[in-house]
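Below are two complexes that have chain A in common, paired first with chain B and then with chain C.
== the complex of A and B ==
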C-alpha cells in the first residue's frame, strides 16, 4: 500500500494505491491516522481509486481508522470505491457504516 | 484451458495479487458473470489470506497451495495451508456479526460463506487445513451489480 496525503477545505484526503490487506499495511495506516489526530486533522477521506481490492483484513484496517477517528470527534469516508470493494462492504453490511462517494467535491462538502 | 490449475506460493501477501489475476482469468474463461467473477476472486483471496495468516502464521517457509478445478457446471477451488491450523469448528459456531465495527477481524469466513455456493473445511492428516470453495456456473451473484 502506498499513499499520498493532501488537504481540501479542511479535509484530509488520503490517496491510497496498491492493495489494502494485512501485514505492514495495518501498522502503516494506523500510524497515519494517529499522526493526523495528533495534528488535529480528524476529517478524513480515503480515496480508493487506485485500490483494486481489499481483503477482510483490509476492511478491518479501514474500520480501525473509522472508529479511531469517530472517537476523536472526526470521521472517515470513502471515495471512489471499486465494484469489488463495494461487494465486500455490501456482504458484510459495512456499506451501512461507511459513507461512500464517487465525487470528491461531494465527499469534501459532506463534512460541512 | 486445462481442467486443473495448481499454484503454490510462499506465505506472503504480495502473491495474493496473482491469485486475483488467476481467479479472474479462469472465471472469465468459464463464463461467469463479472459480479460472480468478483465474488470468486474475493473469496479465494480470503481463503488464501486465512491460510497464510492463521494456518501458516505468516511463516515464509510455509507455502499456500491453491488448486482450481474447472468443472462443467461449477468452479471448485481447494486452498491448502501447511501450518498448525486453527479451530475452525469453534470459529464456525461463533461467527461474529460482520457489521459490528467493534470487531476488527473475523469477517473472512463470513464473506466466503456469503459469496460462494459452498464452503467446507477439512483438517489434513499430517498437517494443515484444506478449504474448499465452490461456485455454480448457473448460480446468481450474491452481491449487487453496479
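== the complex of A and C ==
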C-alpha cells in the first residue's frame, strides 16, 4: 500500500494504491490520520481508485480513520470505490457509514 | 652554621616550588587575567626565599666572596617586593572580578608603579649616589670661598642629612606600602568570601585568606621589629621573617592548588611541583655537601676531583625517578582528598556508566559529576532525538546534528558559531571578539543554535559517525575556559557515553523482544483457551471447526454453545493482533456466554455484543461476526451477521446458497438494528462458515481463490463428513496458494445435518 497526500480547497485527499490489507499499513494509516488531526485537517477523502482489494483488516483501517476523524468533528469520505470493494462495504454494511463518491469535485464540495 | 644551612635549604626548596608553580600556572592554565595574577604572585613569592636560600648556601661555600652574596634577599628586595602589587591584582580578579576592577582593566600596570619607582630609585641612584654625600658637590663649586664656602658646607651637610633621612624613610617606610597593598588584598579577598560561592571555591578562599593574613602579619612583624629595634635583630632575623611571610603567602595559594583544585591546575601541575621540589632538593644537597667535600679533597690532596661531581650527578639522575615517585605517592596520600581528584572522579564516573541501564539515570550521573569536576552549574546532556524533535520548527536542528557528527570532538563556543556560519573570524584570528560582544551575538542567534551557543563548551557524543547526544558545559565559577587537557578528557568521556548509550539501546531491544515474545505467548495461550477444545457431539448433526493462523497470534474466533434443544455457533474476526486482540476476543466470548439464555434470538445476541464493542473506548477495535442458532428439533437455523463474510449452505442436491444478509460490523455505532434471518436445514444439508482467509487465498498469478471457485468445490465434496469437508477445504486452499501458502488467518466451521 502506498499513500500520496494532496490538498484541494481545504480538504485532504489521500490517494491510496495497492492493497489495503492491514499489517504495517494499518499503523501507517492511523499515524497519518493522527497527524492530520493534529494539523487541524479533519476533512479527508480517501481515493480508492488504485486499490485492488480491501480485506477485513483494511475495512478496519478505514473505520478507524472514520471514527477518529468523526470524534474530532471531521469526516472521512470515499472516492472511486470499485465494485469489488463496494461489495465488501455492502457485506459489512459500511455503505451506510461511508459516503462514497465517483467524482472528486463532488466529494470535495460535499464538505462545504 | 648547620641550622642556617638547613634553614637556607628549606627556603630554597620552598622558593623553588612556589616559583615553579608560577611558571606552571602560566604554562597550563588559561592565560586570562586570573592566571596571570596568580602566576605573578607565585613567581615573586618564590623569588624571595629562593634568593634568601641561595644567598646563605653560597655564603657558606664561598667565604672569600661573602660580601657579594651576604644578603641576597635584602639586595634584591626591589624584585620580590613586586609580590605585593601582584597580590593586590590577584585579589581584584579572584574569585570574581571585583567591581572596581573595571577601573583597572586597561591600567592594571598602574598597580606596579610604586614598586617600579622604588626599583628605579634603588637601581639607578643608590649604587651610584650615596644620599649622605649627595650634596658634597656644593663644597666644590667653583668660585665659592670664605663665608660662602662655610655656608655651602653647612648647606651641603644639612641637605645631605635630609637626603639621607629621606632615603632611609623611603626604604624603611616603603615596607608600609607593601603592608598596605597586602592589607587591601586581604580586605578584598575577605569581602569576596561573603559572596555566593560554590563550596570548593569557598574552601580555597579560606585557605588563601588565612595564608595571606599570616603572611602580612609575619612580614609586618619582621619589618617593624627591624625598624624599631635594629640593635636587637640582625639582618638574618629580618630575612627569616620576610622569607617566612612569602612562603606562607605563596604556600597557601600552592596548597589551595593541590588540595582544592585551585584554578584548573591539576595533575600536570602536581607533577610539576614534584619535579620542582626534587630538583631543588638535589641542588641543595649538591651545594651543601659536594662543594664541602670537594673543598676538603682539594685541601687534602691539592687537586680538584671532578669525577666526584660527575659521579654524584649520575647518582642523582638514577635516584631522581624513585624519589619523585615516593614523593608523589606521599603527597597523594596526605594532601589530596580522594573524592575531589578529577582523575578519580572520572574513573568513578566511567565505572558507573558501565552499569547504568536507564538513560535518565545516566544523564543525572553525568551532569552531577561534570558540574562537580569543572565547577559549573550549567551542564546539560541533550540527545540527538530531542534536537531532531524540534527539527520541524527549527531549520538548523539538522545542521547542528550533522556538524556534531562530523566534528566529533569538543568545540568551544566560537568554533561552534563559526562552523555554523554565524561568526566570521576569517582574517581576524589574532583579535578574537571580546566575551561581551560574543555573548550579545549569541542572543541574536536562531533557536537551537542559540541554545547550544549559550554554553562554553560543546562535546559531541558520536556513535558510528552519528551524533547521538551532546554534552553542554556552561561558564565556570572560576573562569571561562576549558583547557586542552580537559577537552581531551571530555572527548574520552564522550566516547564512553556513546558506548554506554548503544549498550543501553541494545539491552532495550533485547528486553523489548523478550517482552514481545512473552506477550505473544500469552496472547496465544489466551486464544487457544478461548477456542473450544473439541466440537460438540450431537445426535443428528456433525460439527467440525478449525482455526489456523499464519502468524503466531491471529484475530479469528469461533465457538459452539449447546443446550438440549439448540446449538449456537459463531465465527468472528477481531481487528488487531496480540494481547489486545486476545482480550477483545475474551470479552466477546464472555458477553456471548452471558446472554445464552436468549441464544435463539440472534438479533438480541449480536446487538448486545455490538453495544459491548462500542463501549470499548479504543477507536480501532472492531469485529465482524456471524452468529447462528440451530433448533435441533425443528431443524431451523436463525442467524444474523455483523459484517462477516457470507456463510454458505450446501444443499444435499449440490445447490449452494449464500446467507447474504449482513448488518454493520461490531463496534461502530451502538444501537444498530440488525435483522434476523431463518433457513431450514434438510437432511444432508451443510452450513460452511469461513473467514475471508479462504476466498482471499492468492495463487502465484496474484488471483484470489474467490467464491466462484469455492462454491463448486464445496458442492463437489458435500458427501463427506463435516470433519473431512473441513480438511478438504484446507487442502484445497493450500493447493491453490502453493507454494507460498495462505497468508491470512484461516477459520473454517462446518455443520452437517445427518438424518
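One rule holds in what follows: the second predicted complex is superposed on the first by the 112 of 112 C-alpha atoms of A that agree within 3 Å, B and C clash if a C-alpha of one lies under 4 Å from a C-alpha of the other, contacts with A are read in each partner's own complex, and residues count from 1 in each chain.
Everything that follows uses one rule, which is that contacts are C-beta pairs under 8 Å (C-beta built on N, C-alpha and C of every residue); 3 or more make two chains touch, one makes a residue touch a chain.
This one's a predicted model, so the numbers in the text were calculated from it and none came from an experiment.
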First (chain B), second (chain C), both or neither touched by A:68: second
First (chain B), second (chain C), both or neither touched by A:101: neither
Chain B versus chain C as contact partner of A:29, first or second or both or neither: neither
Partner chain in contact with A:86 - chain B first, chain C second, else both or neither: first
Touched chain A residues, chain B compared with chain C: B
Footprint overlap on chain A, comparing chain B with chain C: 53, 55-57, 59-60, 63-64, 67, 90-94, 96-97
In the complex with chain A, residue positions of chain B that touch it: 13, 16-17, 20, 34-35, 38-39, 41-42, 45-46, 49, 53, 58, 98-99, 101-108, 110-111, 114-115, 142-144, 146
Chain A residues within the chain B interface of the complex: 19, 21-23, 25, 52-53, 55-57, 59-60, 63-64, 66-67, 83-84, 86-88, 90-94, 96-97
Touching residues (chain side chain C, partner chain A) in the complex: 573, 575-576, 619-620, 622, 624, 643-646, 662-665, 668-669, 672, 691-692, 696, 704, 744
Residues on chain A engaged by chain C in the complex (per definition of touch): 26, 30, 53, 55-57, 59-60, 63-64, 67-68, 71, 90-94, 96-97
